[in-house]
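You will see two complexes here that share subunit A, one where it goes with subunit B and one where it goes with subunit C.
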Partner chain A sequence: MLQLVVGQLLNGVIIGTLYGIVALGVTLTFGITGIVNFALGAFMAIGAYTGWYLTDVVGIAYPVAVPLAVLVAALFGLLADQTLFRFTRNNLINGLIVSIGLISVIQSVLLMVWTTTPKNMHYVLPGVINLDLFIVPKMKGVVFLVLLVVILATYAALTRTWAGRAAYAYAQAPEAAKLMGVRTELLQTGVVVYSTALAGLGGALYASLYSLEVSMGASYILKGVEAAILAGIGSVMGSLVGGIVLGVTEAIGSIFFPQAYRDAYGLVFLVLILLFRPSGLFVRGR
Partner chain B sequence: MRNAFYRATRLRSVTLVAAIALVAGLNVLPARAQNVVKIGEIEAQTGALNTYGWMSAQGMRMAVDEINKAGGFEVAGKKYKLQLINPDTQGNPQQALIHLKQMLEQDHVKYVFGPFLTNVYKGIEPYATGFDGKFLLMGGATAIHFDLGKPHHGYLMRTWNWDAGPSGFGSLMVANLKKRGAKRVAMLMQNDAFGHVARDIYAPLFKTAGIAFDEEWFEPGTTDFSSVLAKIAAWKPDYVFPGYTDAVLYDIVRQATEIGLTKFWLVRGSLGPGLKNKDALDDYIIYIPKYFEEAQNSEPKVKKFIADYKAFYKTDFPYDQAPLCSSSCYDHVYMLVDAMKKAGTVDDVAKVKQTLMSTIYHGLWNIRYDQTGEEVFNFDVVDIKKGGKIEVTHINPK
Partner chain C sequence: MKSSLLWLPLFAVPLVLHNDVVLTILVFTFILGILAVSFNLIFGYTGQLSLFHAAAFGIGAYATELAMAHLGVSFWIGMMIAVLVVLTISLLVGTICFRFKLKEFYFAIVTFAFSEMARLVILNWNSFTNGSLGINLTAKPSIWLPGGAIAIEGTRIWYYLSLVVLILTVTVCARVVHSWMGRCFAAIRLNDELADTLGIDVFRYKLISFLIGNAGAAVAGAFYAFYLGYIEPAYLSIDQSLAIVAMVLLGGRDTVAGPVIGALVLTALPHVINFSAETRILVYGLILVFTILVMPKGITGAIARLARAV
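== the complex of A and B ==
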């Protein structure tokens, strides 16, 4: 049993980083543009399909295909920002409606191009790391490390660079930040594009682990939003921890209860946390 | 004056003759259009659950094209061609219902193939029952089995082997599993209509055979099976009995082999997941209607079918998907045409059904229907061993 629990604890942490990368996008977008971009799951699908296409169909090496997939997701993010999200700044409802509409558009395009038949990428890094107490597929380990590095780098960039501090400043006091010379339009566009790039990265890495189908992002955006709320919207490192807590809750819950209700375990945990800490785990109550 | 009268009369006569000819001509056109037998198909050709529907649709298109190119077929002295109406349901019951309504109410289709998916069948069954006696629905869905022979369900025929019973492939597979010395099997099924039907069928079969049986369920859309597979691994089963389409099988087989679960039994899907993981698994026992790689060397009809497929679609033959063509597919179109010829009617569905029930068709498969309207056909059990070595067992149910 110990082996089972430890193994699933680790698995939950790894899956949790995938939730975390989406949660990071959610929290950044909300903090700077005032909207919850539910289309981030669809951008994840763009990254996943592009990664698969470049690797398996075009024949580009996977490590090269991943940054290209991220770039493609970011370009679509820029397009979406300039044509849609630019007009919904700080309007939660409009942003929500636009992002939900965008999901349908992206899914329809993916359907037209690649149909709904699932795609399976060749095994990029087969094999497992077997340490007696737990077994971890090598590729899952790589995905975990890449996502961890990206989340930590994002945190470092936000706290140690001028642009990052500007973003923080804008999130706390938009008017004051403007007066201090922060180019708010550029900042907002940059954050939207960066969050879609993060989702694209999550998707491209996801493609190396699982089958792809066009609605794959739907559950991940829900988990991402759950993780962001669990951590408290606005907390960068909290997104990672929120994602991990969610992943672990689901994985451990599936050991003791039926796997069929896996999604419910995280949700129940979220409700319990919000009962006691309505602002989330890492944000002080206002 | 007289000449003018004659001219006017002649002009009227010519106009009248022209009008009659025109009306007659117009009548001829619909008469020719009526010499078409419309056949419908409601299958998922794309989507996560398209494993069976896609290949069925491919086979049906080929059969219809071949029959029409050969000049059609003659029934009671009249020549007919086929018109295939086969929209894509994507595995969505609502979509399937819309398509079926259009077929029955607007296109007046009398012969509909499909669905293979139980959830789709359940979605269309209440509506279809209202048309009992007016059309035939020939599908492979497991749930159809339970409605065969029920009042107001005379329109149903099931185009797939049933699991249990003396001719059932499931009974034979469980017997085969017992021979292999299996003592414990873990079922990992999707938490849906078919998954529960499968449990209800197999739990008693395992009990009778003295094989311990554990079950786990997952939600549609699951891609990470690590937790549940780890739990199953702790049970130490001899075989994993996974369900049931390629959409989940690729993930299940990959993740299972990663944690040391290397034996899979009664896989329903394609050979693809087994072949992709051939170096990591020990046994991948799959029930398929036909193992084409072998059959093409020993069965001339199969060889021809493969060549025709390549020519028709101008693509490679999908050896992994093709075996799933059996349900409501290529052979069934020919079988239906034969039945219409023998019955001497294209409209009397009761007569056509009766003829189908009394026919043994020798095509790619040997197909017949039992007294309930359920199909019995020969099938293959393919066992993929470590490294990709393949063993095939041919089974002809009684």
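== the complex of A and C ==
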């Protein structure tokens, strides 16, 4: 029993960091551009398919393929920002619909290029880490560490660099930030592109663990949004913790309650948080 | 009065047009129009982005069928039971959301969460709903006319039935919108804190709008299910909710009947153009993106602006 619980706990943590990386993109985009980019899941699919294609078909080493996949996702992010999201700043509903339209566009293009057949990447890093009480596949450990480092680095960049503080300033008082010389247009584009790059990274790492389908991003964007709200919009470390809380809730919940309702446990938790602590777990009152 | 005459030519369509594909598209348009128009009461007029609408639609469809199968009632009684079921659930969801003063994005997320829970229940309650396989509906609804009951079968009867129900829905919504209650809805949409200080019971009117809208969705669900002859948990999916939002935005949320045009475009366009499945999704996505960017007030808004310019 203990072994099962610990095993599920670890799975929950790893899936949770994937939720967390998407949640980070959601939080940043919402804070700076006022929209929720629901297409982040589709950008995750772009990253995943590009990563798989470069590794398995082209034959580039996986550690090189991942940054390339991130770059590709970011370039598409830039394209989407300049053609679409530039026009939906601070308009939640238009942004929502445009990003949903974008999901259809990206999915159909992926289908045209790579068909509906699920893609499985060859094992990048076989083998397991055996820690007596539980066993973790090495690759899962690597994915967890990479995502953790990226989220921590983002946190450091946001709190320590000029651009990061500019972003915080903008989120608090857009006009004042502008008067202080923050180039708001550039900042907004930068955040949209960065969030798509994060999603692309999540996708490229996902490709090494699970089978790829065009619609794979759908559940991750929903969980990402849930995690971001759980933590409180605007909290960077919160999105990581929110993602992990959600992942663990689902994993542990499905031991003790019917597996079929797995997706519901997180939702119940989310509703309770929103009702009794609407600003989220990690943001002080509003 | 003038606008009600606009419906008349639609009654003549089946008389002059014998193309079943076009009529089928129109039947779907009318039924989805009921759904979109009722949703717009909550979204366009009261300003609450509810993502519970697909759930109301799906629960309406399932409850009608289950009532018919297990209680042995007719389609119409089944539909009334379904409306009651949806009203009860909506009362619960609405009371929670509005009592806790959830707004905008947070309201959307919590209604989505409830919608998703409803979908999971229907998906997993195998003995009752047949899970992901869905249910094939074999019973045919019938209507009583002087001279006996006739089964509602074939595109033509469905065409008139759905058209009449759509007109009823639009009329009811128009009456609501132009009543004192509708003014309260508008006040809440524009500024609910101000509305509150003006003595409008914000909680009550938000709830009423939510209930009326969801009742409309339940009716649409019952018709949709029995026209299609099949129900599945995907009725309650987030995609369905978002498609409804898209119809409303596309048609225009400032008019009562505008969403019907959105329903028409989204139902018809993928069929009018003969594309492969992948291209169809692409076209759907592009329509959404470009309507929002080019016609932010929807098709009716764009037409109105054009008319003013001329």
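One rule holds in what follows: the second predicted complex is superposed on the first by the 286 of 286 C-alpha atoms of A that agree within 3 Å, B and C clash if a C-alpha of one lies under 4 Å from a C-alpha of the other, contacts with A are read in each partner's own complex, and residues count from 1 in each chain.
We adopt the following convention: contacts are C-beta pairs under 8 Å (C-beta built on N, C-alpha and C of every residue); 3 or more make two chains touch, one makes a residue touch a chain.
Everything quoted here is computed from the prediction, not taken from an experiment.
*Asks:* Please tell me, clash or fit, for subunit B and subunit C sharing subunit A in the overlay.
*Replies:* Superposition check on subunit A shows subunit B and subunit C fit without a clash.
*Asks:* Can A:L222 be said to touch subunit B (first), subunit C (second), both, or neither?
*Replies:* The answer is second: A:L222 touches subunit C but not subunit B.
*Asks:* Who does A:A260 touch here: subunit B (first), subunit C (second), both, or neither?
*Replies:* both
*Asks:* Identify the partner contact of A:N94: answer first if only subunit B is touched, second if only subunit C is, both if each is, neither if none is.
*Replies:* In the superposition, A:N94 contacts subunit C only.
*Asks:* Mind working out whether A:V271 is in touch with subunit B, subunit C, both or neither, as first, second, both or neither?
*Replies:* A:V271 sits against subunit C, while subunit B stays out of touch.
*Asks:* With both complexes superposed on chain A, which partner does A:A45 reach: first (subunit B), second (subunit C), both or neither?
*Replies:* neither
*Asks:* Closest pair of CA atoms, one in subunit B and one in subunit C, after superposing: how far apart in Å?
*Replies:* Taking the overlay as described at the top, subunit B lies 5 Å from subunit C at its nearest C-alpha.
*Asks:* Would you tell me the residues on subunit A in contact with subunit B in one complex that are also in contact with subunit C in the other?
*Replies:* 111, 258, 260-261, 263
*Asks:* Can you name the residues of subunit A that touch subunit B in the complex?
*Replies:* Of all residues in subunit A, those touching subunit B are 1, 4, 7-8, 11, 15, 111, 115-118, 120, 123, 126, 128, 135, 137, 209-211, 213, 215-216, 218-219, 250-251, 254-255, 258-263.
*Asks:* Taking the complex as given, what residues does subunit C use to touch subunit A?
*Replies:* My answer: residues 49, 96, 100, 102, 104-106, 109-110, 113-114, 116-117, 120, 123-124, 238, 242, 245-246, 249, 278-282, 284-289, 292-293, 296.
*Asks:* Given the complex with subunit C, which residues does subunit A contribute to the contact?
*Replies:* Against subunit C, the touching part of subunit A is residues 36, 84, 87-88, 92-94, 96-98, 100-105, 107-109, 111-112, 222, 225-226, 229, 258, 260-261, 263-264, 267-268, 270-271, 274-275, 278.
*Asks:* Residue numbers of subunit B touching subunit A in their complex, please.
*Replies:* 46-48, 50, 54, 90, 191, 216-219, 221-228, 230-231, 234, 246-248, 250-251, 254-255, 258-260, 276, 280
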